[in-house]
Structure formats: C-alpha cells, structure tokens
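The next part holds the structures, each set out as structure tokens.
Next come two complexes, and both contain subunit A; in the first it sits with subunit B, in the second with subunit C.
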Partner chain A sequence: MKLLKIALKSACNRKVSLSLTMFSIAISIVLLLGVDTIRKQAKNNFINTISQTDLIVGARTSPINLLLYSIFHIGNATNNVSYASYKQIAALKQVKWSVPISLGDSHRGFRVMGTNSDYFRYYRHSNTQSLHFQQGVEFSDVYDAVVGFDVAQSLNYQLNTQIVLNHGIVATKYSEHDDKPFRIVGILKKTNTPVDRTVLVSLQGIEAIHVDWQSGKRSALKISAKKARQMGLEPKSITAFMLGVESKITLFSLQRKINNHPNEPLQAIMPGSTLASLWQTMGQFEKVLMAVSVLVLFTGLMGLLTALLTTLNERRREMAVLRAVGAHAYHIIVLFVLEAILVVMGGFLFGIAMLYAMQAIMQPILADSYGIFLSLKMLDGEQIIILLVALLLAIILSLIPGLIAYKRSLQDGLMVKI
Partner chain B sequence: MTAAVIQFSNVRFRYSEQGQDVLDITDLQVHQGEHLFIQGASGSGKTTLLNIMTGINQPYAGKIQVLGKALQNLSAIESDRFRVDNLGIIFQQFNLLPYLSLLENVQLPCWFSAKRRAQAGNSKQAAAELLQQLHIPKSMFDKPVNALSMGQQQRVAVARALIGKPEIIIADEPTSALDSDNRKRFLDLLFSQTDKQNSTLVFVSHDSQIAPYFSRTIDLSEINSAIDTEYNA
Partner chain C sequence: MMVLVSGCSDTDDNKDNLNENSLTKEEVEFEAPTEIKWDDLVAEDYQPEKIIAKYQKQIDKYDAEDYSPEAEAFYNKINAELNNAPVNETIHNQQIKLPGFIAPLTQDNGVITEFLLVPYFGACIHVPPPPINQTVLIKVAKNNGIKIDDSFGAFWISGQIRIDNKKTDIGEAGYRIENAVIEVYDE
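Moving on, here comes the complex of A and B:
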C-alpha cells in the first residue's frame, strides 16, 4: 500500500535516529530471548543429562557437588571411593547394575573418564536414549579409547588416531602420559550431554598410565606400556559410581545403607531430586535475569517513543503536505503506527540474527566451561508471544505521538506557517 | 457569466476558543475557469478562508457550495476525499516531501484519490509530462528535492496540484519566496497550465503587485466584515 511506502521512505529519511532505536530494541531482544533460551536449554540439558540412574555414589560432599563433578564434569571430586567399597556395594542383592567412574585426567581440554563397558549398556540420557556409536566399537584393550562427538569433531579425530592423555585437568608439557598413547576405537553420536566432550577409557587404562606415578609426579622408575599391560591393573579407587536398583521399593533403604557404609564415609544421591534442587537454586537467579531483560526491552520501547515524539515538530509540515494531497487525519496515526511497527520488526529481525550469531559463537564456550549445550532452535511459542506482546506495546506507545500529530493536523489544517 | 464553482453565502466562522468571528462573508463567488486573486494583508483571514474553502474547517453559520456540494454538511472524511478529488493545493513553500523523488511527489494525489488517478491515466507518465511542461529538466526527476531551487520546487508543487485534472487549483502565496523575475515566469506557467486543463484558479496573496496579472481581484478586507469590525473597535 502507498501509505506503507510513504512510512518506509519517511523513516529512511530519519534513518540515523531510527536505526539507533532499532539497534537498542535489537539488543534488548537479544538479551531477553538469549536469557530465555539459555535458561530453557540449560534446564533441558540438566534434566536430560542423566536418566534411569537410581543412585550416584561418591565421597561425602554436598549432593549438588557430587552430581556436578560426577555427571557434568564441573569441578573436582573432594575425595575418592575405594574400589573395595564399590565392589562391595555393587554386589548387594538390591543392586541391578553399577557403573564406576574415574575422573582426573584430561586430553587437550576434554575430560578423560575411566569406566567399564557397562557404561555403554546402562547410561541413559534424554529419558531413554542410550549411547550410540557413530563409528567403531567400545573399548576392549587397555589402551583403547572412545571419544565423544564434540571431541572427534573439534580435534578432527578419526578411528585409530593415537592420542596422549594428560595428568590432571590443566594440561602442561610435563604432565603428559606420553609413554602410553591410546588408540581411538570408537566415536559416539551426539548426545548434547557432557559425554560429547569426554574421552572414555577403561579403568585399566587409567590404572596403566598411573602405574609409575606417585603423588602427581612421574616416579623415576619407569614402566613401559607393554609391561604395564602385564600387571594386575586393578584400580585402588574410583571417583564415583552410578547404580540402578532391582526394585524401586528398596531405593531408600539402599540409599540409607550406603550412607551408613561402615568402611568409609559415602554418600548416595538420587539424581532426579538433586537436579530439581539444583535447578531451584538457579531458578531464582533466572527469574531476576528475566525481569531485568523485560525492563531492558521496555527501555528500548521507551526509546522508540522518545524518537517518535522528538520528530513531531519537524514533521508538522510533512503532515500538512500529506493532508493537502488527500491523506485523512487518521492516516497520520497510521503513519506513526506503521513506523513503530517497522522499527520494532527491524529490531526483532536484527536482534534474532544477532542472537543466533552469538549462540553459534558462544556454543563451544558455554559447553566448555558451564556444561550447557545450546542448540540453535527455532523460537518457541512462548518467545513468539513475548515478541508479539512487545510489538503490541510498541503499537500502543506509538499511538501517543500519533494522536498528538492527529490533533495537531486537525488544528493546523493545511496552512502551517513555519 | 459562467457558473460559480465556489459560492459563500453568509459564512461566519470563529475558532472555538475565541469569542469573536474571524470570518464573516456575506457573498463570494468564484466562476468556472477564472483566475481569481484574493488579496489580503496578514491577519485579514486568508488562512481561515482557505481552510474553509478546502473543507478543513467548517463555519458555524452560512453555506459554502464547492462544485455544487455543500461543504458544511460533509463529514471530516468526506471532506478529505472531496478535497483530494477536486482541489489541487499549492503552499507558500516547502510543498514537497524531501524523502520522495520529484515524480513521486507529483503523483501523491493519485495515491490517495481514485478519481485523480483515473483522470491522470498513467500517473507516472502524467507526472513526467507535467514536470516537463513546467520546465523541470528530465535529469532532475530522480534528484532529491533539496537539490532544487525554490522556483523549481514551486513549479513541482504546481505539477502536483494539476495532476489528475482537479477542477479547482488553490494557491496560498506560492510566489512569496520567489524573486520578481521568477514570479512572473511562475505565474505565466501556472496560468497556461490551469487554462489548458480548464481548471479554476484561486490565488491568495498579500502581494498587490501581482494583482494586474489576474482576471479578477478581490480584497479580502472588503468582503470580510469580521475584520472590519475588529479594525474599527
């Protein structure tokens, strides 16, 4: 329609102030949708990271801490669990399955996790998903390794690539287990969980590379990879273990039993309830962030109102000319509303584009340091409603200058003397 | 004598916040095809007269017939439509929208009026023809408005008033920003173009020097009794 053309060209004529307004709306949209996306996806990730595991057992610490370091690989274990205790508990008749976890080493920034082949059998994420191999098979030899999707992707690893593990989480040149390289035998499919960023090896492998280490340093007595293979390689301790029960009815009594384990202080947590309480703590923070973002969006819209109001005087003549060539007085209101819609929609599009660009850039960083896996998704219904409400608000706000200009143009008529 | 296209009878107007009439015209007739010059000093009610003649303001008493239509009975939207359908309006200055090209500026009435659009035929072509007849070089058609001289801008405004052949052209001091050479040339072009499409011209100005060019001259202070009483008081 011609009025839209006029509104567009008129807006282009004032593009500096309007594009600044558009930019501020775009930024507030980035903030609002960004916070919303992160909070939703973070929640999703957290909830989906582990499922169908009844208990996680580790050294005594806060339940959240145990969950964070054992499953999310955030932070470090406070203490270990003796392998003897693990075997004792795993052998209890209530326990259907158990999977040991041994953490502490890394490979080029990715965590290394020692476990056994039961991990591939029992670990579940996103409700019922088990781990699937994109290529290769699970580890069978001491020096075999399976890598997560992101590890293979970002380091460009194929099957049979030789990798060297690092002692500790921070890689230094002097802490490499370079005498005992591992061979990649399997690459996992993407799971959107910390598994994607993990190198999986057998417990024996973890044992082998540490067999000639003492107190975090390589001892003078070197043992070759071949020799290590011949040794017992029974681990003395592990970081934590996951277990499933035969019957849910026994879950609480088993938990109590583990918590009162006579040989060493242990703690068993239920991942579901711990996830929920973790999310509750973060939920408060999330609400504050959302409130701040809503306020920022509101500020952006007020900026739009200011930009429209400040142009009222300079546009007086424009309105008179339009009236003289046949525009009705209500067309003047429509012009202001159209302008607001143009600026806000432009801000939305720009903001959404920025949001996606930022998500693409932030993805590896967030995954790396916070264990949050953002996937680029379409806007969900709630977010579209947020945008529509903002648009509606902008239209309502634009009625203020629109009505002022309308009243003025009725008063001025065609003959504005400026 | 030809028929009256505009007829005022006993028209009285005041702005609602004022206690006094600003316009009180017993009889004013504008005839078809004439070039009428309405001369008035500032404060004599020129602007009010034009606002009433174009249906922007409505009198509280009296009748105004424009092209046989009683303006005082029209709703705001009807009078807006009537205005764009039948009147071409030229301002003192700043007639053009700076963000539209010359051609678009000239076509504006056709965007809002189906009647003007139909009468113009191909509006873009009609606009280009009018601009050429008003001596605007073709090379300027796509230039921004502010690259034009004042005289050129006013001629573009004439083209816009003329497009779609409205019956009446109303000009509000269009020459006040022009020097005397340009003024004469502007008037010649304005006359020849309005005559060409058989439109009536109502030209309002304070400048009595240009009165001789017109077929008829009216002094507003003589027909507006509201002003006389104010002067006498």
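Moving on, here comes the complex of A and C:
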C-alpha cells in the first residue's frame, strides 16, 4: 500500500506527460473497442434482419445488391419486376407463400415500401419474431400507412397523423406526392431491423400516387386522390418479392427456374447464402480494421514506455533516496510497474467513458445512413480480454525501465551523479 | 473403422444389412457412420449414358453453338430427364458420413442450424444447381451448429440419412439428415 502511495505521489510530479500518455492509450482503446463493438452489432443486425424466407427475387443484378436494397434498403434497384412475372412465379406449385414489395419513395428520409397484408403475415426477423403492432392495425384503405417504431418516435407520429410521401429517396418540395396524403393507421413495435425506419403502404397506394407520374414527373393532367382511388390500381410492376417454398430440397431447382425465366431477366437468391458471402467479403475488411486498431494500441503503449524511459535520469535521485530509507531493489521495479498500471487503467477508464459517449452520439447517425442499430451494452468477454492483454503488455513493457532503474540503483548507492 | 460403401456393387450386402440389423433407435445412434460418396446417393439403376444414347442422333444434328429456341427446348428436355435421377433407396436410415459444402438456410444469431449440403462449392449462388439426389437437407444436432464465418470450405457431415418419400405434387423425394454433426474436412 505504501508503495502505491509513493507511486502515486511520484507520478504527480510528472502528471503532464503521464496524462498525455493516458490520453493516447484512451484513444487507442476507443478505437479498438469501438471497432469491435460496431463490427459485432452490425453483423448481428444484418443477420437478424430476415429469417424464414427461402428466396428473394428481383430484377437481375448482383445477389448482394439485391439483398441489400430489398431487405436492408441500402442502395437502389437496377430495374423492376413485372407484376405478371411475379404472379406467374407465385403460382408455381413449389411456392408456399409470396410477398411482393415495391420501393422507390420516401418520407422525410425514411424509405417507403409498398406491399400487401401478406408482409405482416410472413415477414420474420431475429429467427422467429414476426411483426407486432404497438398501436393500430394493418393498412386496408388505399391511403393507409403503417410506420415503423423509429419513424413514429423521431417524427412524433400518432395514429391518424397525415403524412405526405416523397418521390425518390431524398426529400424535396417539388417531388412530393402532396395531392395524395396518407393516414397512419398502425405503428409497429421496435424490431431493431430496417423495418423500424420504414413506412409501409399498400401496393395500391403506390400505384395511386404514381397515377399521374407516368412520364417520370408529375403530369399537368392532375388526378385527384379521390379519383385515383376509384381507378383500377393493380400494379404493373414491383421491385422484388419474397418467397417461401413447400419443400426446401427443391430450392435449387426453383431458383434456377426463376433465374431462367423466359420473359424477363430475374435473379433469385437464397438470403442465407448471400448473407454468408457478404460476410466473407466484410470479414477481410474487418481484419484490416482490427489490425489498424491493434497498431494504434501498440503506439499508445510505446508512448507509455517512452514516458517512463525519458524520465529515468531525473528519477535517479528519487530512487537513491528510496533505497536509503530502506526500499529493496525489487521495490524499484514494482514502482515502475505500478506506475504503468496506473496510467493504463486510467487510460482504460477514460477510454471506456469516451467510447460510450461516442456511441451515444453516433447511434442516430449509424441508424440513419447505414441501418446499424447500436445498443449500448456492457463490454463482452472478448473485449475484456483485449483490455487485459493490453494491461499485461503494459506491465511487461514497464519492466524495461524498471530493470534499468534497478540496476542503476544498485550501482549508484547514495552518491548519485546527476 | 471407416468402410467405403460403393452402392453400385454391394447392393445385395446393403439390403442384407437393413434386414438383419433391424436397427433400433439406440443401435442406429451408436453405430459408427459409414463414409459414402455423392455417387452413392444416385440410384444404381440410373444410367445417364442410356439417356444420352437415346437422344444421340438428335444431339448430333444440333451445332454446339446452336442457341435457337428448338435447340434450347431440346436440351432442356434432356436435362430434365438426366436430372430426374431417382434416389438410392438402399441407404435409407443408414448412419453415414458425407463430405460437402454448406448452403445456409436457417441461422440463429450467426450460427447456421439448417442447410443444404451440396457436392461442390459455388452451388450456393448462381451456378446450375445439382439435381435433387445430389442435395441433402440437413438439420444440425443440438448445439452443433456452425458459425457463418466458419461455414466456407468442405465439411464432413455425419448422421442418419433418410429419404423423404413425400412424393406429392409439390415436392420431390429427397435426402435429409436430422441431428447432423459437422466436422471440418481436411484431406
């Protein structure tokens, strides 16, 4: 205990340089643990976003692209799928259920997805969870909308709130479908998937708002909301659809059949396989990030070593005095080790505090742009091991100046020549 | 000791095994698995050469580069017949060990619990798929799932193979293994 007190008091003498070292270690911890946390949570989110769906079909494109835009709402579809092809495939004997989806509109930064009531029946996430309503019900009228939890929360929406959808993903005044407002009839419970940030409407609703946009921009010949409602609103095309099959062993042949669909180029993917290959790509990137973080930690520890070594000379008298009042030679080493531990632990505490602060700040940004939902959690086993290894390394490194001081103190005695 | 079962020549022996052992559930579980090959999953009376021979004259008529709709339809017809290879009934209920690649179907928090086993890699995404009798639907034994990150590469799958004889309109009979155990294939 006395040794600890001495170590603390001695450190106070050099608090500026030691604080800076502590700060650099803190930053390296933020980087190391931050990268690890985001990586794990992103993966978790991705993995849990969709389950129990056997095939996803869209216009022919890369499988990863199809997965990203149809399920994660990242990126855009390259082309649409004709409703006729969808109906043809959905009617195949191997298909048990199907859910059409239509993307392309947005509402104040949130994606709008057109679908039908089968979405609420068949969509699953986190292995077995289906969608539940916090308030309200599914859409039934053409202009009904159901919003995800985050949409309602961040925009302060309640049931019966009127909202206006926007053409395209970025909101501008001139691209709003403001002549056809929608009414919120349902708000979903939190799912921790991109569904939270989605506005769900019926396929007919999507058709209705585009009825006078057929040329790609709003037509001068306006069709009112009331009139549109009475028009036949059967969609002509959708963006993608999800399928469940009767027997999984037929998946490959069904996938092949869809990929060879004669009327238009389609791509059918098995979400599990595509997700796995996406993760294989990401895995390389993850490794690079971890390597960089480890190097940064190494830099921080080098800083600590430098701080301890450069002050060795100044502390020769201190060591000599301590020896004179009865400190053993090995106490000198212990002093250095204690100082290293103090600095590193200080760095850890500071770093972890910064980490949580940054996570709290980044939470909405990551969710908005990347669909990554960070939940502030305790450090997990792996992360604690990282910290312990860093501490161990610091202790080992501190033995270097410790041993040097030890040797010198043996040679010097009280006659210190500074 | 692993015994390589060659389905084509040991047919009678296999049939005897099935009858005389009358495997109870316990016996099945304690039996050491037999290593089999993908060819063993094909019924031994399947002879693709005969099918090709049947159409040989017409095949010769078409150019290798013929992409006309008739040629296309013709090749599709042959392929459908070739793919219609039936399952090998004699390996039903045997404890087997088969190497292959994993095409994930269901995962629980990053651990794959159900997948299709295929003979070659790349079947997962967009290469012509293997026929029904060269695919096995696998459910892993409890706590024997494999993490997505580790699921690339070849694996030995051990378990009792069954033939799903629900030959209804919607599904074709296929192989399945419940309670499978996964080991890395390193040879």
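Quick note on the criterion: the second predicted complex is superposed on the first by the 415 of 418 C-alpha atoms of A that agree within 3 Å, B and C clash if a C-alpha of one lies under 4 Å from a C-alpha of the other, contacts with A are read in each partner's own complex, and residues count from 1 in each chain.
We adopt the following convention: a contact is a pair of C-beta atoms (placed from the backbone, for glycine too) under 8 Å apart; a residue touches a chain by one contact, two chains touch by 3 or more.
Model, not experiment: these values are computed from the prediction.
J.: What is the contact status of A:A329 with respect to subunit B (first) and subunit C (second): first, second, both, or neither?
T.: Touch status of A:A329: first partner only.
J.: Is A:K2 contacted by the first partner subunit B, the second partner subunit C, both or neither?
T.: first
J.: Which partner does A:E318 contact after superposing on A: first (subunit B), second (subunit C), both, neither?
T.: A:E318 contacts subunit B only, not subunit C.
J.: Report the partner of subunit A that touches more of its residues: subunit B or subunit C.
T.: The larger set of subunit A residues in touch belongs to C.
J.: Taking the superposition on A as described, I'd like to know which of subunit B and subunit C A:N44 touches: first, second, both or neither.
T.: A:N44 contacts subunit C only, not subunit B.
J.: What is the contact status of A:S10 with respect to subunit B (first) and subunit C (second): first, second, both, or neither?
T.: After superposition on chain A, A:S10 lies in contact with subunit B alone.
J.: Have a look at where A:P63 lands relative to subunit B and subunit C in the superposition and call it first, second, both or neither.
T.: second
J.: State which residues of subunit A lie in both footprints, the one left by subunit B and the one left by subunit C.
T.: None.
J.: Touching residues of subunit A toward subunit B in the complex: what are they?
T.: 2, 6, 9-10, 12-13, 317-318, 320-330, 413-415, 417-418
J.: Quick one: which bits of subunit B touch subunit A in the complex? Just the residue numbers, please.
T.: 47, 50-51, 54, 56-57, 76-77, 80-81, 83-85, 89, 91-92, 94-100, 108-109, 111-113, 116, 160, 172
J.: Which positions of subunit A touch subunit C when the two form their complex?
T.: For this pair, the touching residues of subunit A are 43-44, 47-48, 51-52, 54, 63, 93-94, 127, 246-253, 255-256, 259, 267, 269-270, 272-277, 279-280, 283.
J.: Along subunit C, where are the residues that touch subunit A in the complex?
T.: 83, 103-110, 112, 114-116, 118, 123-126, 128-132, 135, 137, 148-149, 151-152, 164, 166, 169-172, 174-176
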